[in-house]
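Both complexes below contain subunit A, partnered by subunit B and then by subunit C.
And now, the complex of A and B:
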């Protein structure tokens, strides 16, 4: 739906990426473009392919077809180098380290990353109220999430891949994590890809959006372009009025008597002009909050 | 200055931050040569993308409301009076009220009349602002 801006450099791109698990299509003809320095929210239902996509970028899953470039490298050839430059919060808990106390796990993690900053790790651990003496296997989902966030951030990687980072966190911890992420972004200017099915939780920091449906990227755009192009229009007209016949880019149409509401991807002036020309009075033109925009894009059958 | 934003509002967050700085000038909680919070600090406090705060500060600098002292931060510029900022805020309030009125099928005259009547019945607490 969107072409990249000229001169944009990308931290992550995929080209015609495809992955199947048996007969199940996980990713299909996927062209992901994450600009350098962006906070790219990957939205979609559970099972849409978000986690698989992130795992392909880390070369934890091998794609069946297509090209992948992460920070200028091909993860299939340079998996270890790519992973060393990524902070990753996986979907589920770490397996195999359950017996380790948290402090030991962090120390174990640190040796893999030359840029690990022990002071920063300690500061993050304090802010997230992590107790180093607890065993990993005894942690709740939310506590394990906090430890994973420390391991992802403490080496200040140029790329963060966060798979449902707020999953399992209580509201206070979620708020704390968002604050830490904002500061981390200000300090590092790193690129972030954050997958979530709860878009409103990351709405404040997101500046790019990709919408995944059944393994396909049905929309990919900057927030600015989304705000400019996707709007709802509410208008009323004379008896029997059905609106303009030539309205393109309609994602949703709702009618109540002589009042009709459209959600349209298009130029506002042109849309309003067409509604007025067909005899309607436009009452309201509104932007959509990010989560509603995602819902609309996920539901619409024909995308512009 | 205490910056409050509402992400659910349709207005972009950077515009809301700009208005909050202007509001602080108009009500007098910020005055010339006062420092603004750092981009990092305000982004962390509001839990927003630091680029959004930086964009607000950039726009305010372009409009001459603030200036940047290299290595020290962003400061309120001395422009003599805050009339201009009050005018810009008032215009924003008016535009939002007009849009809301139009949405409800209310014309400009009806809106103005209703504002005067509402202000009259609210008494002195709100009127002192303008006198």
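And now, the complex of A and C:
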């Protein structure tokens, strides 16, 4: 289900990337393509390999096989240069820095990132109501998340890797964060990879989607193409009607009496034609919201 | 002009100096309290001796575990924040070790100066009396006469540097443990228990021989820490015509330098191997 992205320049690419932890496969023959300037949502269930993939991009985890390119650099060879160009919000809390007050933590990052913008950091801190005198270890999950976001954004990197960025945030804070993120994107035009299993939370900023299942990238496409190709079709037919026998790209099929509903990856006109040719009447064709699309792709056993 | 993508070595080192200093505040406070306690004790009791052989063990322990404090709380075998920063991982680890070492030397210098001042203020001595006896005009094989005078402290100016060299070696070894092992404390306790078990199992004379070889050998840790020939056997074995000759005989700058070099080299190799475990690839 890869979209044709010929001619597109990519901020991140992986080729046949593989990583195992003991007997468990974390990443399996993964070919990721994140176009420059895109907001790429990496969706998948817990343990699907999303966080591992982001860590590989930062060279925090070494892949067992395959190639990686981030902003034209190989993280395995130029790890420091790659990390300097990335704003990263990790999934978990900070380790080793719990004793630091928030203000000191931000100053610490300012030293490490020569492109750090102190005014922007101060503005973000104010907007996210960050109190610099509080110790990191005393912050709640949501408060720690806000601090991590400031460290990720304040050096205005060309690539953001956000691992569950809204995790722990209340609805108001989530809205605030997404608003800031949108502003940041409009200002910088940077590329964003957001890893999440709560797709609806980031739906408003997403323009590309990758779906990971058990370490495999089962779908990768632009939001526009997803909207155009993935539809639900509700049709009715005579008694005993089972629908078109040659309908390809079916991800889901449900029958209720004489009515059948399919979720199909394919060209709408062609799908409708086949249903009609088989004797059915199409009652409704609908797009799927992003989170439902992800759910369908994750549940689907046989992807086209 | 565009800013460089990665920070300079100087900026990272200065930041690590600050971070390590701030992080070690509890330990530094504890050391200051201990010094204060010793000061009060000897101001009341009088006659403090600045450099006693017993302090060697303390230096070894303090330097070794100082490295553990430098890395306390860091998730080194995982995606700790330390590794997420834009510095080559091996270089970053070595910079942190260097920053910790600078603090160790600073704390050591302040401690030594304080103890020397305490010795001077309390009318004590800079070193203990046990370092030698003067047997004027005695032949090498003659029996020791009764009522030998005890010598004033035998300590050369360069010997004040000796604990710093020894502490450096132990700090490097400790850093190798802290950086290269997932459970450094468990390994340390395990090795200690293993040593104790070994000493309990082998015959006593073998243990004595091993201890003498280790403590009194030319490359022994004691030589590196004190600059003496080791073994504290000067009282019975040293025979010299003059005090100066005895002083010359009991200490050896070359031997100390060699022992220190050997231990620092060993620590450096261990540290390099530990840091290499965290290389970029």
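Methods note: the second predicted complex is superposed on the first by the 302 of 304 C-alpha atoms of A that agree within 3 Å, B and C clash if a C-alpha of one lies under 4 Å from a C-alpha of the other, contacts with A are read in each partner's own complex, and residues count from 1 in each chain.
Keep this in mind: contacts are C-beta pairs under 8 Å (C-beta built on N, C-alpha and C of every residue); 3 or more make two chains touch, one makes a residue touch a chain.
Everything quoted here is computed from the prediction, not taken from an experiment.
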First, second, both or neither for A:60, with subunit B first and subunit C second: second
Which superposed partner A:112 touches (first subunit B, second subunit C, both, neither): second
Partner chain(s) touched by A:172 [first = subunit B, second = subunit C, both, neither]: neither
Which partner, subunit B or subunit C, touches more subunit A residues: C
Which of subunit B and subunit C A:94 touches, first, second, both or neither: second
Partner chain in contact with A:81 - subunit B first, subunit C second, else both or neither: second
Touching partner for A:104 - first (subunit B), second (subunit C), both, neither: second
Complex interface listing, subunit A residues touching subunit C: 55, 58-62, 76-77, 79-81, 83-85, 88, 90, 92, 94-100, 104, 108-109, 111-115
Subunit B contact footprint on subunit A (complex, rising order): 37, 39, 175, 178-180, 182-183, 185-187, 203-207, 227, 234, 283-284, 286-287, 289
Subunit B residues touching subunit A - in the complex, by the definition given at the top: 7-8, 10, 12-13, 39-40, 43-52, 99, 102-103, 105
Contact footprint of subunit A on subunit C as seen in their complex: 3-7, 11-12, 14-15, 19, 22-23, 73-75, 78-89, 280-281
